[in-house]
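In the two assemblies presented below, subunit A is common to both, partnered first by subunit B and then by subunit C.
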Partner chain A sequence: MTDPLAPSPLMAMLRYGLLSVLAFCVAAPLAWLCLASLSPQSEIFQPVSDFSWSGLIPSRLTLENYRALMQTDFPMAAKNSAIVALATVVCGLVVNAMAGFAFAAFDFRGKTLLFVLVVASFMMPFEAIVLPLYVMIRAFGWVNSYQALIVPEIANGMIIFLFRQFFASIPKDYYEAARIDGASWGYIFLRIALPLSWPTVATASLMLFLAQWDSFFWPVVAASDPDYAVIQVAIARNINFEQTNWGGLFSSTNLAIVLGTIPFLLTQRLYVRSLVAGGIK
Partner chain B sequence: MSTMSVRSLTKSFGRTEILRGIDLDVAAGEFVALVGPSGCGKSTLLRLIAGLEGASGGRIEIGGRDVTRLPPKGRDVAMVFQNYALYPHLTVGANMGFSLKLRGTPKRKIDAMVREAAAVLGLDALLERYPGQLSGGQRQRVATGRAIVRNPALFLFDEPLSNLDAKLRVEMRTQIKALHQRLQVTTIYVTHDQIEAMTMADRVVVMRAGRIEQQGAPLELYDRPANAFVAGFLGSPSMNFLEGRIEGGAVALADGTRLPAPGGAAEGRRVLWGMRPEDIEIGGEGMPAQVEVVEPTGPDTQLAVRIGGQAATVLLRRRAVLHPGEQIRLSPAAERIHLFDAETGSRL
Partner chain C sequence: MNYSRWTPFLFLAPALAGLAVFRFAPIVVAGAGSFSGMTLTGALEFAGLENYRWLLTDPAFWDSLRITLIFNLIINPLQLALAFLLAMLIFQPGRGIWVYRTLLVLPMAVSTGLSAVLFKLVLDPNLGPLNGILEWAGIGAQPFYRAAEQAMGTLIGIATWKGAGYWMLFLLAGLHAIPASVQEAAMIDGATPWQRFRLVTLPLMRRPMAFVLVADTAINFLFFAPVYILTGGGPNGATSVLMFEAYRSAFTFSDIGRALAISSFLLAILAVIIVLEFRLMRSPEDRR
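Moving on to the complex of A and B:
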């Protein structure tokens, strides 16, 4: 028997047709990027100048662009980005989670004003504070160092807001029961609040990691030395006024995407749970 | 077992006074229930005793020791919360042993103490489960177990049964009372349910607007309430109050209906004539009344009636065949009449 509540076949076809077009629009550039990075240099722009579906498929698949990439400073840039991003995640989680917990658990004078400033901080474009930030790190003697890339990115208004919202949703009875049991605030934070917030920790880690992994403008300003170049800077170095190394550009971009996806795959389960929880609370 | 005393305790949030000078003594091993309507300050008083809020003024002593300025962990109290506050990421056993672990108790000893407390509450089979896998009643027992496991000087209960259904609430009421009789730990129990207070406590403290209205043994408060508020708060259905004036040794209602009154009240004084619904019977040469609603509950019959134009309730401890609109005569038990001043509500 036909389900009277099921959509008509025509509607289903229309819906899936539209979704397929949208999916193609999203996936096609990435697929082209991937194929282009595996194509010989001479064939990369062939489908652009002489478009045909068959032209999208390289005549032969080659790893020569990737091999060439390994001879450049790209591996060091990837290592720099990994160090910077992981250090930011570790320090950022500690600082932002503690700040979020303080906003959620304590009442203190000026709390509302301070929280408004935190919210305002992530509404402000980063470019607006680049100059004073640069003056500060130069005064500290941190230009061309890991500190210059890591420290300014640790405190993050959005992550503080995220943690604050989560900790505020935990009933205060938990904290009070622990206080009566004899727990210090530090113990309550580490043993009660934090273990309950793994989905938020996963989301915050991912956001901090991706912010650093995708970071370009600040690293260019703060660490122009090739020894401290990060992955986005290394990608951009394939483009210059005289000549653009398209093979290098596409293969490095491809690698940056693949490497940047690893943390998401690792935390995917918790990340999705956090989004769902946020939707129903 | 410890004593607990509170002297001239006050608490304000901004300009709002929540507690206005509370004096309360709890003897060692006593079970005291704090009752009162929402916002009367009973939970705030409990939180002050626990150390979760700071007092604005006054003094709190537990076991003869001034704890007014001590943090919660320095007071040796255990508290059961309305929402149980069981840590969802810890097993039942870990929840119960949490405070012992914090005190640095050796693991083997923690296990032994947790198992002992679990045996008392029938939680032996649940020690490895997580709170999310328990029913409401089981969670309540775990919360109680977490409190008793470390043998505190004082037990504090903050409306621990209010999240349970009516049947389970009656069961848990009996369990908590039996537990107190067994352990004899000094207990302060906050509830808005006067039946819970009456059935469980050695002493009931009735609060209103940040003050203690009356305290005493449950039946003492029930039989001789100090004022109309206490009289109306304790008892279900609550006491009937009919407003009238003393005339010739009786209470005359506005329509001329005369009600019997104990002597002593000044002639012409405006009074509230109080009578519990179960102390009124039908028949005799009593006051005329009109039946408005009949509510048979099985063993009892509850009537909503009008006496001299004023609403009243009658609780008959039997089945009765009556109909709305029927005229009846009611005979109150003369020795159970309460008279209160109509202005102040004080007992006369």
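Moving on to the complex of A and C:
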């Protein structure tokens, strides 16, 4: 007997047909960018008037556009992005895990209010405060510096929330036993709680990394100087100039997308689970 | 358990200090700064309600507000509807579904800035492949972001390309939370698939859908990067949303007071949205 909940063959065909069309629309621009970045400079674009489908497939695959990147501002921008992202991940993990631990392990006055403020801080999109924050950073004398890009992004309500959820799932007896054995709270946090939380550490690292790797509005405002331009800013700048180096633009854009996508695909399950849990639970 | 009164605050201090200075202080700065003006020497001085008086009599601000509202009235229901369609299509297990699921969420790993760059290339009027395809199909090349009538639609399309898969994930979680027994009971009572969808699925999805709508609105009220990269607010001011208007006040016209007044206005709208979100996130049982 067939499963009564199973759809009819016609419905299944309709479903897969529709999904294929939608998935094609989503993936085609990315696939085109990737292929074009691997084709010889002269084949990247074809004039609209003599378009042909076969022209979308490069005659040969080459890395020449990627090699040419070394002579552009891309290595500098990639270095800036890497410095900013790594510093944010390292500092952000320590600072936010500590706060998450405090919310999970201790009872103290004002805990509920403080936690509501933490949650509110990540429900407010960062873009909303970019301009007043710029006024502050300018008063600090931080415009065009690494600290302008790193320091404001370290404390992160979403990451605090994730760590709190995890640490709250560890029975308090665990900490209690360690206390009786004479361990300090610093030791309990570093040697007991943090090692147990490695899945959260992995997700949080990825989220902090992507937040920096992908950020655009704040770097444009706070550090637009070429010496401090991160990848997103450098690429956007290149497309706004009268463009001749198409190969460089395609390969740098594709590289920036791929470097952001690989960590996402690797940790997709963990990432999506915590994201949705944060939003709906 | 034994710990001193100060232990919790030692653990909290760095993070709370960071949030206080870099998330909450800017709100105060926006509010306070919106009552000040920049003198010719570059110093800030108190200007009372001057910035707001200017703003409310400035047609550019009203245009920008109108554009932002229209943008949101279209894009948020559109993204919700598409995300819901995708979630319904992906929800039932099936052969190869995970491939579609991965492809559909892929754009969420592409930053907003890079998706704008990507589509600037795809839609290029002379060399872009989409216009080539449209010519080939006999429809003819379109100006897209270069024409006032099409620019807003183009931006909505790009943002939806990036956003639909992301919001689908939240709705999928909502679909998974509907107990299978509820659907089976409806089956036994002889409900058709359409009736099951309309009378069981849809009412039970109200909360996740409301959450997506509200959270999406919060993000789209602050839409910026694609405007900056693709249109610069044009053509003819057609895409000058509020966030871009605020940016331009600060960096093109050096009018920090106006920029902060618009920021304060946006923050007030966001405050309302966040309160709504908090109410949606509380479970129905503890809502009185």
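Things worth noting here:
Please note the rule applied: the second predicted complex is superposed on the first by the 209 of 281 C-alpha atoms of A that agree within 3 Å, B and C clash if a C-alpha of one lies under 4 Å from a C-alpha of the other, contacts with A are read in each partner's own complex, and residues count from 1 in each chain.
Simple rule for what comes next: a residue touches a chain if its C-beta (ideal position, glycine included) is under 8 Å from a C-beta of that chain, and two chains touch if they have at least 3 such contacts.
All figures in this text were calculated on a predicted structure; none of them were measured in a lab.
In the superposition on chain A, A:D225 makes contact with neither subunit B nor subunit C. Set against each other, subunit B and subunit C differ in how many residues of subunit A they touch, and the higher count belongs to C.
Using the contact criterion defined above for the overlaid structures, shared-chain residue A:P171 touches subunit B, although it does not reach subunit C. Judged by the touch definition given at the top, the superposed model places A:A23 against subunit C, while subunit B stays out of reach. With both structures placed on the common chain, the touch criterion links A:R179 to subunit B and to subunit C.
Legend: residue contacts after superposition of the two complexes on their common chain; A:F108 is shown touching subunit C, with no touch to subunit B.
Legend: residue contacts after superposition of the two complexes on their common chain; A:E64 is shown touching neither subunit B nor subunit C. Using the contact criterion defined above for the overlaid structures, shared-chain residue A:L196 touches subunit B, although it does not reach subunit C. Contacts of subunit A with subunit B, set against its contacts with subunit C after fitting on chain A, overlap at residues 176, 179. Interface residues of subunit C facing subunit A in the complex, by the touch rule stated above, are 1-3, 5, 7-9, 11-12, 14-19, 21-27, 29-30, 33, 86, 89-90, 92, 94, 99-100, 102-114, 116-122, 124-129, 131-133, 135-136, 141, 161, 165, 169-170, 173-174, 183-184, 187, 208, 211, 215, 218-219, 222, 224-225, 228-229, 243, 246-247, 250-251, 256, 259-260, 263, 266-267, 270, 274, 277-278, 281. Chain contact summary for the complex, subunit B toward subunit A: residues 50-52, 71-73, 77-79, 81-85, 87-89, 98-99, 102-103, 146. Subunit A contributes residues 171, 173-174, 176-183, 187, 192, 195-196 to its touches with subunit B in the complex. By the touch rule above, subunit A contacts subunit C in their complex via residues 4-5, 7, 12, 15-16, 18-20, 22-23, 25-27, 29-30, 32-33, 45-49, 51-53, 56, 94-96, 98-99, 101-103, 106, 108, 111, 114, 117-121, 123-125, 127-129, 131-136, 151-155, 157, 160, 172, 175-176, 179, 185, 189, 210, 213-217, 220-221, 232, 235-236, 239-240, 249-250, 253, 256-257, 260-261, 264-265, 268, 272, 275-276, 279-281.
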